[in-house]
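Presented sequentially are two complexes of chain A, the first with chain B as partner and the second with chain C.
And now, the complex of A and B:
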């Protein structure tokens, strides 16, 4: 059964039926899916969730679908890694990586939100779905639409990384590149949704799409053994996922599934696009939009629609924010790869770099549990790593030539030991 | 000077279901003032306070966000296109 009651405006509380809807008619505030938590009591439990499939749909009772899931049957349930090597390097006691770089089918957190949005598109009877995207969302919409037999229309900024473009094109969506940044693409998409009546996942399916982001938070709690990390560091682009991880934590608390340990939420942004972190640092409720200038293109949104809610949640939870420069982002990508064997995209580098800063500043205590949310995969953005590594030696297929390389490695190690001994 | 204001679907019921409205004004403030004088119900939704737009509404002049220019004081010239667009999530 479904526990969904209605759509409700986050600002004025006006209620609407479950329908394609972008914003509240009264004040343009975002509308959010409301549930009957009372009816869930005693029915939605650790046991009922554990009995579900190993995908986002194990949390189906807390998602806004009315029918049997047909999209994203393998999305979600990504690993929560206990990052002991990285923890030792950073001098913290308990560190986890929630690794959506392995999400199915397109290796980013977007597979969660798109699965829910496309389920709703099918339930509402749409045959064409679309999105405005910095790459990952387009990738996911195109793949899920291919599997679901829907037509996909994806709109992206003209200058994305090749992996993000090919990664979408392979699924044969209609792709339009738009001269401008993401905010320009988004503005156009809002007008397209208005004019053509298509299901644009982040426009008129937004209330359902954003609910899918909660599953990232549900999984963190379940995989941690039904408890919440004390500190959660989350990348901020449009501002969807951070408030939704928070909502997931609060829903589990409301239902008595986890204990309320007063979790704190932290926002991570690139220094070249940090309207939300700037507002947090300036103790302001409102952010000023920016023109993005960063290698972290997947989170380069200068005018984040839900930025206001990120600021609110971060503040209410007692968390904070930090920004990372391009070189700090690259260093963090390398650090995560070297210590934990995870290759993330610049958004993930941004999140780890911000977490490191917050730890160094003493805002995140070293002896409490920390979760860093990694939302995308480094293989889609290899351009940013060009020139970062020494060239590999090239030899003929002769053992003697290989011996020379091994001897050189030994000599270097011996020299390093000698220097260290002095 | 005369400018064209494009109205998103959600606000069209307040402007007799038109998708654009022509008004005169030399700044965004004046143009929106003229619009809301004509359609007072729209004004209630457009503004949060006397000098403050509803934070879920973005206003563009010829495709540029007015917050990158002079906000409500952004100057307008004959034939400019002013768009009212709700803030949209994504990524």
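And now, the complex of A and C:
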């Protein structure tokens, strides 16, 4: 049974039928999927969710899909890791990593949103899907479309990392590189959607696509033992995921599935592309678009479509924002890998670096529960880590040569201990 | 020339939020009708959702003129769309 009631304008509340629509005809505000929560009461419960598949579709009652899912059957339900080593390093009591670097099939949170968007594309009768992408979305659209038997067009900025390009091409989509940044690509995709009538997942299917991001929030709550973390730090690119995690938390609160512990939301951006964080810091409702200049290309969106709503949610929840320089991003990637064995891409490094700043500033208390949302995998962007590590020693296959290395390691450790003692 | 409509987001920055850019545009292109659907103006930035109506070429010229005046013009992503 579907509990979807309509599409509703986030600004004026005008209602529209379920159709491929992005904006309200009256004020051009974005439309969002609305549900009948009263009808869900007593039917959508912890038990009903726990009885579902171990994928995003266990939250199907809270997603805008009417038919039996055929896409994303293994997407979602990624680990929520209690990061005790990292917590000790940062001096905080309770720290979790929601790790979408392991998401299936393309190792980023985008597999959630694309699965929902492609199901909707199938329901609407589209045979061609596409996206404007900084890489991760292209991978996901290409992979899911391959499985679903849909034609895929992926449009990417011309200067993406090599790993991100091959990660799409392997699924045989039609790929077009656009000279310009993500915002230029996105603008072209709007025109393509209008002219060719294709389902561009983050353009004309955006209201459905974004709903998939709620599953990241649902999972955090469920995996935390049906509780909400008091502080959630989320990367901001186009601004999809942060407001949708918030929506997920609020839906669970509305349905009585979790207690309202007044969770706070925090935005993380790279210093080289931080229109939303700047607006939060300046206490402005509006952000000024920027030209991105950062190693965190997957979140380098200078004019985020839902940036306004990120600011709104952050403010409403009592959270804040922080941005991280390229070197801070690299350091955070290394820290997460060293302490928790998780290799994230620069977007994840940005989120952790921002969380560290917010903790150091005292905006996030050290004795309350914190969740850091990691949305992508570092193996896709190994270029950014080149030159970051000392070269590994090369030896002949002789134990005596290996012994020398072990002795050197011991000497360095002893010297470090002696220095620390001084 | 065919009649058409165009939905746009206009962003005013760098002092342009304090200039009557739309008035200037309408003086130069009086047959282009502009209908402000939503607006928010703050100290450093102003954003406006505007529906333009008129002959296609004239709307195009009017939008180019706004860009010359320093206004950032972005198309609003499509309204409803039929599968195809």
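In this section, the second predicted complex is superposed on the first by the 417 of 422 C-alpha atoms of A that agree within 3 Å, B and C clash if a C-alpha of one lies under 4 Å from a C-alpha of the other, contacts with A are read in each partner's own complex, and residues count from 1 in each chain.
By definition in this document, a residue touches a chain if its C-beta (ideal position, glycine included) is under 8 Å from a C-beta of that chain, and two chains touch if they have at least 3 such contacts.
Since we're looking at a predicted model, the values are computed, not measured.
Undergrad: Quick check for you: in the superposed arrangement, does A:126 touch first (chain B), second (chain C), both or neither?
TA: second
Undergrad: Applying the document's definition of touch, where does A:19 land relative to chain B and chain C: first, second, both, or neither?
TA: The second partner, chain C, only.
Undergrad: Go through the superposed model and pick first if A:28 touches only chain B, second if only chain C, both, or neither.
TA: In the superposition, A:28 touches chain B and chain C alike.
Undergrad: Return first, second, both or neither, reflecting whether A:299 touches chain B, chain C, both chains, or no partner chain.
TA: first
Undergrad: Quick check for you: in the superposed arrangement, does A:203 touch first (chain B), second (chain C), both or neither?
TA: Both partners, chain B and chain C.
Undergrad: Between chain B (first) and chain C (second), which, if any, makes contact with A:238: first, second, both or neither?
TA: first
Undergrad: Once the shared chain is lined up, is A:137 touching chain B (first), chain C (second), both, or neither of them?
TA: After superposing on A, A:137 lies in contact with chain B but is clear of chain C.
Undergrad: Please work out whether A:284 is in contact with chain B alone, chain C alone, both, or neither, and reply first, second, both or neither.
TA: Second partner only.
Undergrad: Identify the partner contact of A:190: answer first if only chain B is touched, second if only chain C is, both if each is, neither if none is.
TA: A:190: touches chain B and chain C.
Undergrad: On chain A, which partner touches more residues: chain B or chain C?
TA: When the residues of chain A touched by each partner are counted, B comes out ahead.
Undergrad: Can you give me the overlap between the chain B contact set and the chain C contact set on chain A?
TA: On chain A, the overlap between the chain B and chain C contacts is residues 11, 22-23, 25-29, 187, 190-191, 194, 203, 206, 286, 288-289, 303, 305.
Undergrad: For a test of understanding, state which residues of chain B touch chain A in their complex under the given definition.
TA: Where chain B meets chain A, its residues are 8-10, 13, 45, 54-58, 60, 63, 65, 67-68, 83, 85-91.
Undergrad: Under the stated contact criterion, what part of chain A meets chain B in this complex?
TA: So the residues of chain A in touch with chain B come to 11, 22-23, 25-30, 110, 131-134, 136-137, 182-184, 186-187, 189-191, 194, 202-203, 206, 209-210, 237-240, 286, 288-289, 291, 298-299, 301, 303, 305-306, 308.
Undergrad: List the residues on chain A that touch chain C in their complex, please.
TA: 11, 16, 19-23, 25-29, 124-126, 187, 190-191, 193-194, 196-199, 203-204, 206, 284-289, 303, 305
Undergrad: Hey, which residues of chain C end up touching chain A in the complex?
TA: 7, 9, 11, 13, 37-38, 40, 42, 44-45, 47, 49, 51, 72, 74-84
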